[in-house]
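A short worksheet on the structure shown next.
Chains: A, B, C and D, in written order; residue numbering restarts at 1 for each.
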Amino acid sequence: MRTFAYLGPSGTFTETALDQVPEAQGANRIPVATVHEALDTVVSGEAEAAMIAIENSIEGGVTSAQDALATAPGMRIRSEHLVSVNFSLVVSPGTTLADVETVAAHPVAYAQCAKWMAEHLPKAVHLPAASNVSAARDLGSSVAHAAISTPRITEVVESLEVLATGIADSSEAQTRFVLVSRDTTLPAQTGADKTSLIVELPNDRAGSLLDMLEQFATRGVNLSLIQSRPIGDRLGRYRFVIDLEGHIRDERVAAAMLGLKRVSPRVMFLGSYPRADGQRAVVADRFSDESFTDARDWLREIVSEAPAR
Amino acid sequence: MRTFAYLGPSGTFTETALDQVPEAQGANRIPVATVHEALDTVVSGEAEAAMIAIENSIEGGVTSAQDALATAPGMRIRSEHLVSVNFSLVVSPGTTLADVETVAAHPVAYAQCAKWMAEHLPKAVHLPAASNVSAARDLGSSVAHAAISTPRITEVVESLEVLATGIADSSEAQTRFVLVSRDTTLPAQTGADKTSLIVELPNDRAGSLLDMLEQFATRGVNLSLIQSRPIGDRLGRYRFVIDLEGHIRDERVAAAMLGLKRVSPRVMFLGSYPRADGQRAVVADRFSDESFTDARDWLREIVSEAPAR
Amino acid sequence: MRTFAYLGPSGTFTETALDQVPEAQGANRIPVATVHEALDTVVSGEAEAAMIAIENSIEGGVTSAQDALATAPGMRIRSEHLVSVNFSLVVSPGTTLADVETVAAHPVAYAQCAKWMAEHLPKAVHLPAASNVSAARDLGSSVAHAAISTPRITEVVESLEVLATGIADSSEAQTRFVLVSRDTTLPAQTGADKTSLIVELPNDRAGSLLDMLEQFATRGVNLSLIQSRPIGDRLGRYRFVIDLEGHIRDERVAAAMLGLKRVSPRVMFLGSYPRADGQRAVVADRFSDESFTDARDWLREIVSEAPAR
Amino acid sequence: MRTFAYLGPSGTFTETALDQVPEAQGANRIPVATVHEALDTVVSGEAEAAMIAIENSIEGGVTSAQDALATAPGMRIRSEHLVSVNFSLVVSPGTTLADVETVAAHPVAYAQCAKWMAEHLPKAVHLPAASNVSAARDLGSSVAHAAISTPRITEVVESLEVLATGIADSSEAQTRFVLVSRDTTLPAQTGADKTSLIVELPNDRAGSLLDMLEQFATRGVNLSLIQSRPIGDRLGRYRFVIDLEGHIRDERVAAAMLGLKRVSPRVMFLGSYPRADGQRAVVADRFSDESFTDARDWLREIVSEAPAR
């Protein structure tokens, strides 16, 4: 039976992301506690893939996931998933807002609902919980009168009543998740693809970052994410987490990666995969596959034989 | 009396960072729950400054702090502080490791000590706590046998015993904190300064990021942090959180900022301040203040009068 | 009386260019033999200005003029002039095409009329002349039956008859001339200006030329001429002759020149002057004078006082 | 019999350059009058190759040769030749310096010896000649007492005496010549090669020249010559004459040319050939052939099959 890991317990936003994966329907699901543990299940073969939050997450920061990917061996992103992040206030049946004096919640979720709480439950006491799900699940057996949980908690704990929905201070937050595995088969090109890389710079001089970015710009490759992370071995050395528009099989992307590989001491390819938002890349004529093919044909004719490349 | 806000409660790493601020010695200290709340106390004037974690923090992610700074009005970073982040396992006097069946801990701290826990307390049950400090403070009055807390917790809760120190999986983590206020007086140049900016790009074409970075590179300005953040108003628009080496009164930095201002629809200056690590910028001759002054003198002579600049 | 030098003798295209200069009307005119001699008359004060061909000339190549400007002290270009270059075949009155067996012509002019000669006078013998003008002037006293000369030769030598006009192989050639002097007063901005520079590069690495050009590109300054010239002191060192769109009093041009001055070991300013073709520069908003002024105001406010610049 | 064209007559510096070509020893040599005529003999097949001056020449400017190459079909540079350019003053036997009242000389050569003439023969009258060779050859049959000619004129006209050598104002001038043919076989790589191109830019915006040069800089390709030439079809459009270090079979050069081909509406390849000065290119590791090969191997492994390139 196929097995997938995710940041648990059941009912988390990460599981919602996993629900978007067709192969994970009816598959075995392993809830884990950290990004590292999620990747470990994949490295060990226990799970074929793991869903992890990679950006804007309340369940683990982008940095820890990025650092984990940078150090885990052979990880590949297979697909990308967006989940709208919001919270509900749930209670045992019969409880009203006026009854609520204590609220169980994961500390981060509690902080993200601070405005709603200040307005509607200014005197409520916060009881910290290990996860958004356990807060709700344990409602009956704890001193908490209410819990801040995920919208789909009622699928997991059917006995709950929802007192309020959309109580997060920011109503439009989305978290980006990625499904990672050790499968190195490339997903097919769709025209709306993304490629993730981790690139180290040779040193910290002003020009080396520019040298790196010119590899993209001279081939018309847009970046949708760039983030510096200290490498940690000594001061002033950085690796860059980069998401770019396009698939490694797109000529312009392949050319940029060849350039990167030459100027960087280390390039990790994390995968090419369809964009969750389906937005197609807009590519100027001179960066189209045809433009690359034409140039190669032209050069080949000049050197009068298949070039030694 | 002077007042400073920090992410509380007393005993957190953030308070350790605040201890590094001379003006905060003996001052009034307001513990707050979130980065937004910290900035609010400054905006309202309740506190003259707030200490917030800005990078690598277990007490709140870099992204939320960066986004908060990008939207709070008129914030200025006054100083930067590094705190070594580590954890201790603390107990009530007399408790031994063999006695420990339950461990109170903030969920994030618990995750960061996962390896040590798996090795030394594989059967212990995690009891989530609202903070690293409250986990320890409540030891006597809860069902927890031990707590994961900060090294300096024994200063706050004197009755505790330390069973183990340095139990975090990564022993060398540092968190970077910044002290923010609304004071727009510029700290003096020290030669080892940092300048923080938030810059929006006009659009997402491949060249606009490069245009931005050329403003730095053509003036020999090194970046120590660059991070893209979606602006959020519509897809494909980004702001960049940037730390650069140097002070806005350094000629090369001022010139780069003038260039940035011209090519970017919005540049937020978050402050120039001494680097916590004291590392002095290495500046090539052609980017020295003298080089800029000489060039201006040369140009002024050509235009035969004080140029209209 | 005002005095101007030009590549003579009277009747040359260079004198036609000088005719375009209002101050030269009725002034004393000194015909000289070479570009160096022309500049010498200016350096010595004998002439207040000299007209020299700077591009596409049949009367002296662009390179010699550029090299001369690069080494003459304190030369400034005051204005630019375009002259349509063409040739006529002239004879003593009564001579017909059938009579012409010998043709006097400056060797370069003869070469430029090669096609017309091959078609109409295939058997004619070339008698070299020192200039296009002397060829015609000496017609009566030499063995030449006809002369290749400038269209306005009949103003100088009234006794001549024109057998054919427009006999040059290329009918649309224009030569660009510049009037140079030691007057360092800057001509006023017109909105359709040009600035001429000679810039040395620090060495011949691939990046240094790019560094130089980025000084222009990051300020939106277009180049209308760029030409590498070996400096001559040792292999691999180059100076660049550059014409750019705009006046040194334009903010974007001044900023680019400040940048150039910092990255180049030697920048020679040869002048800002109105373009002969009157074509106005198209400047993107972000490179307008206002954009520069706004940026400076913004920076000045940040540093809370008139910046030390 | 093999046939080569050169700018004649016999005895010119161009013939000296042709002497450097092994295949031209004992071959048929056609002296021609202009660069265009030289190329015509190659296009028509009359000559297999033509020697033309391409830079710093007294016998025809760089611009005309460059423009000719840009418009002649299918021209390829096969080799490059340097000739030290200097002049001698020659006379009929028995003539002394004191006797010389008239000097025959090509006007350009006369100008280049202006200082020597002013010092040693201040009163001499210049008699223009069609070439440096004919000036000397016709000494006996003209009114000239002396001639300015090439050092090797005495091989051609044995009856002459040399009164002075090295009389040019600049004693170290070299002229660069190239041998052009329609043979498209590439000369072998030597490690000290040069590649000549003519590249058109899409328009005159500030960035397009930079885009072009980044194609070279991102691959570590040095330029030894860059020269803008107006295309002539309308204002503001330029072509660039470029000499770069390296052979089209060098990976970095091939990559730069592929990039150029994509961003430029027209790239003319004029040839890869050994440098006359034998100076080997210094190539950073990251631009070595190995670096390119390694990068391709790395990419190929990622895409799990021979990439479609």
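Observations, loosely collected:
Keep this in mind: a contact is a pair of C-beta atoms (placed from the backbone, for glycine too) under 8 Å apart; a residue touches a chain by one contact, two chains touch by 3 or more.
Which protein is which chain? UniProt says A, B, C, D = Prephenate dehydratase.
Every value quoted in this text rests on a predicted model; they were computed, and no experiment measured them.
The chains touching chain C (Prephenate dehydratase) as well as chain D (Prephenate dehydratase) do not exist; no chain touches both. Judged by shared residue numbers over all numbers used at their interface, chain A (Prephenate dehydratase) and chain D (Prephenate dehydratase) contact each other through mostly the same positions, with over half in common. Taking the mean of the C-alpha atoms as each chain's centre, chain A (Prephenate dehydratase) and chain C (Prephenate dehydratase) sit 61 Å apart. Distance from the chain A (Prephenate dehydratase) centre to the chain B (Prephenate dehydratase) centre is 23 Å, each centre being the mean of its Cα atoms. Shared interface positions of chain D (Prephenate dehydratase), defined as residues touching 2 or more other chains, are 207, 214, 217. On the chain C (Prephenate dehydratase) side of its complex with chain D (Prephenate dehydratase), the touching residues are 33-34, 36-37, 56, 61-63, 106-107, 111, 114, 126, 128-131, 134, 172, 204-207, 209-210, 213-214, 216-217, 220-228, 232, 235-236, 277, 279. Contacts from chain D (Prephenate dehydratase) toward chain A (Prephenate dehydratase) in the complex involve residues 184-186, 211, 214-215, 217-218, 248-249, 251, 254, 257-259, 261-263, 267, 269, 286-287, 291-296, 298-299, 302-304, 307-309.
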